[in-house]
Amino acid sequence: MSEKFHNILEINNIYASYSASLHKLEYVLKDLSLTMKPGECLGLVGKSGSGKTTLANLITGFIKPISGKILFRGQEVQDLSLRQRIRQFNCGIQMVFQDPYSSFNPKMTIGKQLMEPLLIRKSLSESEIETKARHMLEQVGLSADYFLRYPHQLSGGQLQRVALGCALIVEPCLLIADEPVSSLDVSVQAQVLDLIIDLRKEFKFSCLFISHDLAVIYHLCDTIAVLNQGSIVEQGNVEKVFRNPQNLYTKQLISDAGYSFSK
Amino acid sequence: GKKDAEKDTKNTEQTDQIVSEDDAKKDDGSLEEQAEPQQGGSVIVGITQELDSLDPYLAAAAGTKEVIYNFFDGLVKLMPDGTFEPALAESFNFSDDATEFTFKIRTGVKFHNDTELTIDDVVYSLQRAAGMLPDSKAALIPQLAIIESVSGDAEAGTVTVKLKESDADFITYMTLAIIPQDYTEQAQKPIGTGPFIFTEYKTQQHLKMKRNADYWRDRTAYLDEVTFMIVSDADAAIMDLQEGNFDIFPYLTMDKAELLKDKYDFIAADSNMVQIWGLNNQRAPFDDPVVRKALNMAVDKQMLIDAVTFGEGRALESGMAPPMQDYYNADLASQYNPEEAKKMLEEAGYQDLKIEITVPGDYVIHVQTAEVLAAQLEQIGVTAEVKTVDWGTWLSDVYMGRNYDSTVIALTFDYVAPATVLRHYYSKSDNNFINFVNTEFDELYESALSETDHAKRVELYHQMQKILQDDAASVFLQNPGTQTAVIKTLGGYTTYPQYVQDMYTVYYK
Amino acid sequence: MQNDLTKSEYILKVEHLKVVSAQGAELVRDVSLKIKPGEIVGLVGESGSGKSISTMAIAGILPEGISIAQGNIFFKGQDITRITAQDRCKINGNQLGIIYQDASQSLNPLIRIGKQIDEVLKIHTNLNPKERRNRVYGTMRAVNLSDVEKLAKRYPHELSGGQRQRVLIAMAIINNPELLIADEPTTALDVSVQAQIIELIKLINFSRKTSVLYISHDFSTVKKLCDRVYVLYQGIPVEVGATTQIIMQPQHMYTKLLLESIPTPEKRGQHLMIMRARTKDYRGSATNCLFAERCPKVFERCRQELPDMYEMCDGHQAACFLLDK
Amino acid sequence: MRFKRKDKNNQISFAPDVQRAYYRASSINKGAKIQFRIGFVLLAIPLVLFLINIFYRPYDTTSMNMSERFVTPDSKHWFGTDNYGRDIFTRVMSGLPLTIIISIGINLIGCSSGLLIGALSGYYGGTVDYWGNRISDALLSIPAILMGMLFVATFGNGIWQVIVALGIMFIPSYMRVIRSGFLEYRQRNFVKRLQLLGASSGRIIWRHLFPQIRTRLMSAIALGFANAILAESSLSFLGLGVPPSQITWGRMLKDAQGFLFQAPWSAIAPGLMIVTLVLGSFFISNGLKQISQQRSLA
Amino acid sequence: MARYILQKAGQMLITLLLIVFIVFIMFELIPGNPARIMLGMNASQEQITALELELGINEPLPLKIKNYFAGLIQGDLGRSIRFDKPVGELIGAAAPTTFSLAIYAFILIIVLSVPLALLAARKQGSFFDNSIRFVTETTLAIPPFFMAIILMLIFRTTQLGLSSGQGNLASPGFLRQFLMPALAIALSRVAMAMEFLRDAIIEQKRMFYTRAAVGKGATKSRILFFHIFRNSLVPFVTVLGLILAEVFGGSIIIEQVFLLPGLGRLLVTAVEARDFPLTQGIIILIAIVVIVVNFLVDLINQFIDPRIRLSDVKSEKSNLWTQLSYKLKFRKDIKR
């Protein structure tokens, strides 16, 4: 990776809205700025409806901002369509969603779906792709007999692991995880978190981790960004922010979660 | 050969029988007529066509004409036996070369709007129909296009019509409705001098008329009110017929008579139809007279009549229909001989002949005829594919475009003029849709038009019919008889050689 | 009422409850639990362990094809497993209030929420409309909903998740029930709302002396709220005890591992998981320790017998052969 | 079916969350099976008749026999004879293939065009969807008779004219089924995931979205098959059906209408055949519908 | 709301334009000359030319379309060729019959299907459920015209009794007179309506909030009427709307069989006569009915289910125009 850019992702003064009518334009995101260094894991917290998913969609290109700039690897991408971004960055951004069940084609085996990303790009032969996919399945901690199973035969945690595999098989430089563990129960959540820690060591991707669970963020992330009413109110090193929150809203959030760093 | 002869005699016998049966019925009718006609009452008549314009000159559909007939009188009136009697004209006479006709107009006749019939009205009517009014674009009644001038003489009470060329049939056209001058609402509320007065018309539902109490003849109509109910077809109305809800229902087939004979009398009438299997004379293989002849011999007309019209039809051997009285050439013999037909085709080198019969699907009788024909042709090794098209398409593709193999259709005539039937075979005619070309026929046709002597005309027409048979212009099938159901309490229903529903003569017994 | 209470010491006593589906799968295998008046009892267990099904069995609203195969449920001394629909109507909503797991699915989307809360009063009391309205508003305020007049006229989809959950709570407590069952009332809500709802349940328990059965898969909230906890694994309680006992000294291997998989500040960046992942969902009847396949300390006996509850000290019990010394 | 994944020792090998759907589904499944069974039995009746007809045909279907017209049903003519003395039983037996060919043709056209329009408007939404909907609205407002007449009048009446005309009329309903399915699934996260991976729209539509609606579509096709038979008979009633030389049940029924009082049996045989075939398809469609419902729960 | 109506009106206009063009093109393609059809076989070429001139049917297509729209804007649907009457008048005469019949049949459908659906949904898969469904599906499987004829035969209804009546809701004895045709229309559709309602009720029964209502202590009947029934109405109303639009368009076959002077029969006559203005007029009316009924269904559904938003704003999102205007609007916002 040639480091021509300082930040892998840089978002400057972004505005975004869903409403079609000009007369009552409601901004979901207002004047939002955010930076992310290569290799960093950024935790994004915020209340439900504060615009976390919207931000993720902006970065991936599913929706376009009304104004503002998004720089990915030093290049402006806010005006590029999804297709153009893919052409330019070659699947540079991948995403893992909250609901593991809707993230998979229910009529296709897990193996096929793991192979699909590589099949789309047609760079390898089919047998090579299959070995790669099987290897990836192993890496996410599932035995080979899951290769031929259908999504409904897997539990949520297992599916979420496959989803990680699907995203990482194309070797993205940025992974966006939109509440990947929120729908899982504690023990399964622990499995997925462990997996992410392992995979990050191996693949060295940057990660935007969205969650409303501060404990998870604290466990996993290097830096944290707090989203409130459409803009980032605080961003910084996780430890620092948790120990010494500057923003009132952040303080409230941390005390609600019951974090007390008396040390 | 022998078999044929037998069959032949059978056929003629049968026709005779039918004729005699008819006579018997007519006798019955006259017997019943002695039963005292009652004044008053109302009847419901079923008709199977939507009406179009009610203006007698603009009305195009036959179904409309037969209804509005009751509102109007012509200068002459067609009688059941095909002769003409003076009506609004007290008398008429014409020049020997049949180019000038003079009518003496009856006085004291009133239109439904209480104005009196004048010479001007008659002149106006004729001029309007002939397209001679200043604002008219063409003759509304095409047969009248030959009128050169119409002049009225108020003093003498006469109207004189001059023709561009002689036309012996001209008098038949003078059944033309006479309408009041400058009345503009004829299309909505027709006004004439007829025995019935228009009262109400609702599209898709009914047309109602009431008795004209001021009628000029010695008696008014018997019935007080007549309603013509519009139904989509006889099959759909069968339930009502069984319940006796209609008093009169024309154009039924014989099989229905079986079902309804408890409640209805059935009055048979010759229809003014010549059903033919028209062969496109310019298309292979029908351009070969041998093929046409063979096909003529292959068709068992009696079986066809049995199957389609339930025996109520007369097999034809040429293009004229029996109701044309003298003009009909009854001497032509049947040619049915399938073995011979098969042989002829084989000898001429036609093997596995495949032909197409295009029929208007709206007319069940033609479709069924085509089906029966196809079945009969199968026996002489000809495969016929029946193709149905809708009426509008048939008219433009088959009739006008002449783009077809063969078709089954009935040629009808609005006037009892033999020329209107045989016109279809005159090579210069627009209506020669079978593309028949025979110079001899053309000559005969032209001379018959100007011939005023009845006997000579009859002879000419007989010759023409012979040519049609000999040359196998097409396959002439039948003159289908139609049945009119008349409820048993009614009497006096009269049939004419023309499509009309004359309510003037109908009465309650 | 007083009579009923004196008759039995427990407001709710479930004995050997077994719930099966039409196909014969055992969804709840052998659940026994007791709740004293005024007590808050927690029921913890992973997803699919049969928490919600047990609740439905208590309320008599099991879905089609699922039925109680065995066991009794005593509500204030009365066995309510086989009572008529009419008797059931008298208990539900009146003496027994339930907060359902999924608030968005538990409210009729076509009825204004005011009306839905009001319905409980309409069924069980004969107050006049005005009194009812006042009480509805009062209860809504009691659950910390603001601007209640306006809110009452809204439809469920017009509320936020937190508001919906509170509406459900209002619905459950409006008739001052003696027992409140709260089935994971805080999952799917964000942290700040979660904290508020926990406070609210505490308050209700405190002010109205309502017993609470609090169901969750998350120890962090249970810790704050409950007096006693039952840990459920695959339809069988594996450990019971006072909350502090269980959190401080978990005895069953499952409880231990479960507690360890919660991310805490101390474990930042380290692996959480020692417990093997569950691969199969076994729904036949239990003949051995169901946790055996995942237990790091499994030994022969675990695979052959079903362990009983072993009591350690007052009320702290666990079903593990390791305790059978 | 798919959901039989319960082995002997009662092990079900999938996750608890999904199990819920399974239990719900398996109770419906029983109903679906019954529906299929009835459906196939009903469909088998005309089919068996047709098979018999291939090997044994008691009478000729076309040759006419005036002496035996309107024979009431007896041991010689099981369903009697028609107005030309043709054996109705024989004709009914041989009427099956054309009836089915027409029905299949109609659905082929309706389904393939509906699939194209529906898939595009469901997947792309927006302007494409807007125009897709306008076209289907317009088609819905145009009566089938006009369409039938257009084709029959322009090209004469034949089998393919009927097929094309009715096929066009069948487009909107297919379009709706497919569009709603695509609308539902294109919002799923897996589509988003594929888009992020750079999958082409064609690939997503065909390889990923289409399989999702396959059962639903099959149910619609079974229903469409039944409706096409009915539509063909209605068109025949209006005189726009197949030509008289071709035997379909709709045509036979129409022909029998004229003799309903003399020979009611001539209508009963083709009528019954239509009802059996259509009812059979209905049942199969219902069965498929249930399966697709239970799938969508999973 | 106003916005929604405007949007719907726009859609309607576009659909109408599309339909008018389709019909124009169809009439260009269909062979058949209205003048010849009216005058019949015996007419001469001159006569036909004269009539064509009179009717103005030989004009080139663009001119025809132009004239038609010019008339349409003034609310003039033209003059029927076949009947020689203004199209508006003809439609005005035929529509009441069709509409009254449609409403009658519609009421029958509701009256029959609601109780049946409730009974069938009581226990899914029960004998009663299955037999009701079998019977209704059988009615659906019978070709409509055959069904009409069978009904006529069974009840020995005659058509004259029908068509002699004034044929609309206002006339006395309408209910008795029109029972058979209305039933013939209704029967095949009862199955459809019932099936939808039944499925919806069964689905609602499975919903968790229904069980939650039991948890409140509500009685069975209360749950059925207060919770289940209302919630199942949306699909039912939608299918009823479809049915209503369909029968409002005139049931050609039923009108043909029962000889009713309605739009369907008028349409058949019009098409057979290649009566272009009349056909166009009827189809425009049918289209308007379809669209208006759709609109009503949306409105009612929104009333029943507040979650349904009238204007589906989201689908317009990708519209380029909105994208552009965002930017414009945004500039303004910034400056403020």
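The chains carry the letters A, B, C, D and E, assigned in the order they are written, with residues numbered from 1 in each.
Criterion: a contact is a pair of C-beta atoms (placed from the backbone, for glycine too) under 8 Å apart; a residue touches a chain by one contact, two chains touch by 3 or more.
No experiment lies behind these values; they were computed from the predicted model shown.
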Notebook entry, point to check: Common contacts of chain C and chain D?
Noted result: A, E
Check: By label order, what chains touch chain B and chain E together?
Finding: D
Notebook entry, point to check: If you average the CA atoms of chain A and of chain B, how many Å lie between those two points?
Noted result: 87
Check: Taking each chain's centre as the mean position of its Cα atoms, how many Å separate chain D from chain E?
Finding: 23
Note to self: So the centre of each chain is just the mean of its C-alpha atoms; given that, what is the distance between chain A and chain C in Å?
What the structure shows: 33
Next item on the list: Go ahead and note the Å separation of the Cα centroids belonging to chain B and chain C.
Entry: 92
Next item on the list: Could you tell me which residues belong to chain B and also touch two or more other chains?
Entry: 362, 390, 392-393
Next item on the list: Could you list the positions in chain A whose residues touch two or more of the other chains?
Entry: 155-156, 158
Notebook entry, point to check: Among the residues of chain D, which ones contact at least 2 other chains?
Noted result: 13-17, 149, 153-154, 257, 260
Next item on the list: In the complex, go through chain A and note every residue touching chain D.
Entry: 60, 62, 82-83, 86-87, 91, 93-95, 97, 99, 101-108, 113, 116-117, 120-121, 152-156, 158, 163, 166-167, 170
Notebook entry, point to check: What does chain D use to touch chain B in their complex?
Noted result: 62-64, 66, 69, 83-84, 149, 152-154, 156-158, 239-240, 243-245, 257-262
Check: Which residues of chain A touch chain C in the complex?
Finding: 47-49, 141, 155-158, 184-191, 193-194, 197, 212-216, 218-220, 242, 252-253, 256-259, 261
Margin query: Under the definition above, what is the set of chain E residues touching chain C in their complex?
Written below: 205-209, 211-220, 222, 226-227, 230-231, 304-307
Margin query: Which stretch or stretches of chain E touch chain D in the complex?
Written below: 11, 14-15, 18-19, 22-23, 26, 29-32, 124-125, 137-138, 140-146, 149, 153, 206, 245, 249-250, 252-253, 256, 264, 267-268, 271-272, 279, 283, 286-287, 290-291, 315-319
